[in-house]
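We call the chains A, B, C, D and E, going by the order they appear; numbering starts again at 1 in every chain.
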Amino acid sequence: MTRGPAIRVEGSARSEGAPLFAQLSLTLEGAGWTCLLGASGVGKSTILRLIAGLESHVTFDGAITAADGADLSGRIAYMAQSDLLMPWASVTENVCLGARLRGQTPDAARARDLIDRVGLTAHAHKRPGALSGGQRQRAALARTLMEDRPVILLDEPFSALDARTRSEMQELAVELLRGCTVLLVTHDPAEAARLGHAIFILEPSGLSEVTPPPAPVPRAIDDPDTLALQGALLRRLREGAA
Amino acid sequence: MKLSHGLAATTFLLMIWQGIVSLTGVASFILPGPARVWTAFWENRGLIADHGLVTLTEVVLGLLIGGGLGVITALTLAISPAARVLLRPMLVFSQALPVFALAPILTLWLGYGLGSKVAMAVLIIYFPVTSAFFDGLMRVPPGYLDLARTMGATQRTILWRIQVPNALPSLGSGFKLAAVYAPIGAVIGEWVGSSQGLGYLMLLANGRAKTDLMFAAMLALGVMSVLLYVLADRVAQRLTARAS
Amino acid sequence: ADKMTLLLDWFVNPNHGPIIIAEERGYFAEAGLEVEVIAPADPSAPPKLVAAGQGDLAVSYQAQTHLQVHEGLPLLRVGTLIATPLNCLLVLADGPIQSPADLKGGKIGFSVAGVEEALLRAVLGKYGVAFEDVDLVNVNFSLSPALMSGQVDAVIGAYRNFELNQMEIEGIAGNCIYIEEEGVPPHDELIYVAHAETMDRDKITRFLGAVEKATQYIVNHPDAAWEIFSGTAPELNDRLNSMAWEDTLPRFALRPAALDEGRYARFEAFLLESGLIDSLNPVADIAVDVTAQ
Amino acid sequence: MKLSHGLAATTFLLMIWQGIVSLTGVASFILPGPARVWTAFWENRGLIADHGLVTLTEVVLGLLIGGGLGVITALTLAISPAARVLLRPMLVFSQALPVFALAPILTLWLGYGLGSKVAMAVLIIYFPVTSAFFDGLMRVPPGYLDLARTMGATQRTILWRIQVPNALPSLGSGFKLAAVYAPIGAVIGEWVGSSQGLGYLMLLANGRAKTDLMFAAMLALGVMSVLLYVLADRVAQRLTARAS
Amino acid sequence: MTRGPAIRVEGSARSEGAPLFAQLSLTLEGAGWTCLLGASGVGKSTILRLIAGLESHVTFDGAITAADGADLSGRIAYMAQSDLLMPWASVTENVCLGARLRGQTPDAARARDLIDRVGLTAHAHKRPGALSGGQRQRAALARTLMEDRPVILLDEPFSALDARTRSEMQELAVELLRGCTVLLVTHDPAEAARLGHAIFILEPSGLSEVTPPPAPVPRAIDDPDTLALQGALLRRLREGAA
């Protein structure tokens, strides 16, 4: 796999006349995990959509560029906050959707393997309607991991998972996305502390960075440095803009 | 629909029919009662079966061709904005053309055989199928399209992998309408030029003032419509189940 | 004035000349009648509606009336509008069909009227062509186009005063084979029918008196009558109608109320022979002279 | 639809039309060319406008009444399983009845005035509206119904607060179909007996082989259909926007 | 408000022939918060649906009874895992949906107040489609709180919220649902430790209970007892059935 490029997001966004967030400058480390935290409704998902090149309700005044100078389109896999599973397709078919949409033959073995690793082998034939919330999220995760793109945008990909499954999925993602530039939106400070090579907190006034410990990701959950960072993040978030 | 439902509905229909006849005292040469029509039906069962078979053939062919063309047109419209601009008004226009105006043209090109009747059925079925399917194709949740775009989908694959499955329930609705219109389409085709089919039989019975035979033929046509509708409803339910 | 409802057989056309003239020249009013004229699109409906008590008179066809009486419709012919057949077997003048004999194995278009089988059996029979040797196709709304475009070899049910002129206007010569010259008993094309039991003889008598006057006027002043007729609606004033007007003139019944019983008896017998009916009705059940005391 | 689109579509239509006429060499008494029809249209513009206005009145009334009845029927069907069993086959049946059989019945009850023509338009519009709206009403995401049930909803409030808003896009589709069928419905209604309206004009012209006038009247009818469709499409788009 | 009754769920569930969970006996403390944790797909949402009296894909063999002997139907407010906001209705209309569905006039002042307290005043007129994920969840929460029922079933009601908003919403729920019998399904051990009067972990083999500290809810997040419980829960969950 090609190494994910660093990505620079610079600009401000206005929605219906009012500013959503002020001028910010966010750099996603090449081939690393950047975590984005922030209050609900502050614009995290919007930034993801902007990077993914999707239409959104804001007018973005600025530029989003990859460090290698090439266009970003076609190099991004995007996992939205809602799972966006196709209700008429089985888990397997959903996981293979990307290849099908590109007119390629999906790598069935790889799909099977991913479904197995997200723990859905027993449910592979089911439609999304017959899955639990967490199972749906894992199916969407498997679909995103199947994409094999250098830049990965994850919008709260683990929010519906129990602690154990969540850490397993985190580890799986880190393993499979090695070398990718990953932007992870999360509400869980522990998750950010565990996974982030860089951590940003988005506020209406702008972006602030919190430096994570140098240990490689995924960091041990009970590592004192990680715990300390988690506590610090939690405090930052709790105090917030209030 | 279960058998018991069918029976209940039939009984209800007969009751209403008899009720109208009894209450309004309408003359039997305008609206004959069920018993009279049944007698005519039974006495002419061979005739009705023969003509019914002709109409059924036209209907089935019409449904297949009209449904097929409708599906293709809807897909074309969904793909091409130019087609939407140019073709849609024509589609609408085509539905506004009374059949008898087209009849001479159709028979000139297709002759008086099966062809022109199937063409007529096709013309009538075509629009509801196209319209319903096209609406379904265009009503995709925008999130799906966003996802598809990031996945590098082409317009073609979006169509096949997302729009089409998403529109299947609508296609089912369209086919339900088509199933109801197909027999009337075939009958109109028969009016325009034929010597066979239930439409012809009705015209003939009407011309000879045999109102009861005309209603018997109409009964056969109605039953055909209901059966086709039930069938289409099954298909639609399956399509809807598939898509959710 | 007494109100009266008259259902025409079809939209207003020169066949209805006497009715329109009677209205326009005030003959109805003179007879103390206020006639509401209704023009339907389906010729089979008016007799049914009159039989059902909706309307006092309907313009209908003699041939159909025989059948309708057999089917139990309480109808009686009370007057005549057009006293000769209009129906003809129409072929292309310079086409391969020069006589009914040439129709063997050919295709004949018709607009379902119910009696075409009887008419054709008679005409073809005279030339030794079996009815089963021709192909009958219902072409409903487009008799002359079907013929002109060569899709059929002949059409039955075409009117000598209209279809022939239509073809002339299109520059195609037609040849009308007059059915009453080829074995079909002479009969009235358009008649007035009323409800057999509930009809008001007095009103009908006055009505027939008014149309009789109108017919006189038309015959005496054909051009003035045309001016009046064509002035009633813009869509009536055209070349085809003016040609048809001339052709129809000699066919209006000069004595609308008069009944030729033999004509009706002969036509009833003709229908029985053709198998369209299976018994004979007495003329009194089919037609009546309302002026007879 | 933008004006430029309308122009493009019209040009396209005219080209196809002229193309058919030129290529097949079809006789002008079967299919007159655009120029001829335009001449007939222009010469008879007063006539066509007068008759067109009559038809438009019937169409608008038919749409209002037929649409209204369709909505009511769909709601009834949605509420009552018994109605579904009993009424639905009747609905389907009613669509299979050819006009000329109904015409005497309708005129017997409604007379020869506007009434029977509107009734005919209503009959034709009724079914697509009912069918589409009903399908929409029954296609509610089950989660919404679960939620409503825990909230102590009655069948009535579920209908009004959930099923109806959810079915509005489908109702829009139904009205689009209805807008297209309404003019043809009115024209067929005019067969029932009238001396006014585009249907009358067409039949008259047809009966008199004035093919160019017939096509001119048809042109007017087609334009009316397209305009109604565009209007219905706007409404449908608004309904869809409202519901998502 | 009437005090919520204690509720007893006893039985086992089978789905498509296979057992989903074995015989279990779950008692929801009357007028208290019971937290239910467990791996994704273990059947938590299913239990909620069973209590709410909704159809589900399982055949439940057992009984669900309220301690006061009365029927539960009509006494429950249910917040599903997906937000189930009506896409055609504004936030305000969605919050008032329950009253409308019961044919009552909604208490507009109360609705305004609730919308304010979940922080959506600025978004009250918007359709759900124009809300962020967390905003949607808060709208659904407000709708549930609006219901004023003695028994409340919450299926991961805070999963899409950032840490700060989450604790605010938790406090709001505790305040407004005082006296109600609440069953909260959650994946967040911290949440369970903070809110549970009783805490259960569901596993295919059955239910196990973890005793929370006696401190009143909502417990302080940094209370050592709470933290200890959170850690213990996390460990329990991580080890799980594996």
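The definition used in the following text is that contacts are C-beta pairs under 8 Å (C-beta built on N, C-alpha and C of every residue); 3 or more make two chains touch, one makes a residue touch a chain.
This structure is a prediction, so every number in the text was calculated from the model and none was measured.
Omitting chain B while holding the rest fixed, one finds the remaining chains still held together by touching in one piece.
Farthest chain from chain E (centres taken as the mean of C-alpha atoms): C.
Centre-to-centre separation of chain A and chain E, using mean CA positions: 27 Å. Inter-chain centre distance (chain A to chain C, centres taken as mean C-alpha positions): 84 Å. Inter-chain centre distance (chain B to chain E, centres taken as mean C-alpha positions): 50 Å.
With each centre defined as the average position of its C-alpha atoms, the distance from chain B to chain D rounds to 15 Å. Of all residues in chain C, those touching 2 or more other chains are 44, 48-49, 52, 141-142, 145, 149, listed in ascending order.
The multi-chain contact residues of chain A, meaning those touching 2 or more other chains, are 82.
The multi-chain contact residues of chain B, meaning those touching 2 or more other chains, are 26, 30, 100, 104, 108, 191, 206.
Here the touching chains pair up as A-B, A-E, B-C, B-D, C-D, D-E.
Within the complex formed with chain C, the residues of chain B that make contact are 26-30, 100, 103-104, 107-108, 111-112, 190-195, 200, 203-204, 206-211. Chain A meets chain B in the complex at residues 49, 52-55, 74, 76-78, 80, 82, 84, 86-89, 97-98, 100-103, 129, 147. On the chain C side of its complex with chain B, the touching residues are 44, 48-49, 51-52, 64, 67-68, 70-73, 107, 109, 112-115, 135-142, 145-146, 149, 151, 276.
Chain B contributes residues 1, 5-6, 8-10, 12-13, 16, 24, 26, 30-31, 85-86, 88-90, 92-93, 95-98, 100-101, 104-105, 108-109, 127-128, 131-132, 135, 139, 169-170, 173, 176-177, 180-181, 183-184, 187-188, 191, 199, 202, 206, 214-215, 218, 221-222, 224-226, 229, 236, 240 to its touches with chain D in the complex. Residues 143-144, 146-154, 156-158, 161-162, 165-166, 168, 242-244 of chain D are the ones that touch chain E when the two sit in their complex.
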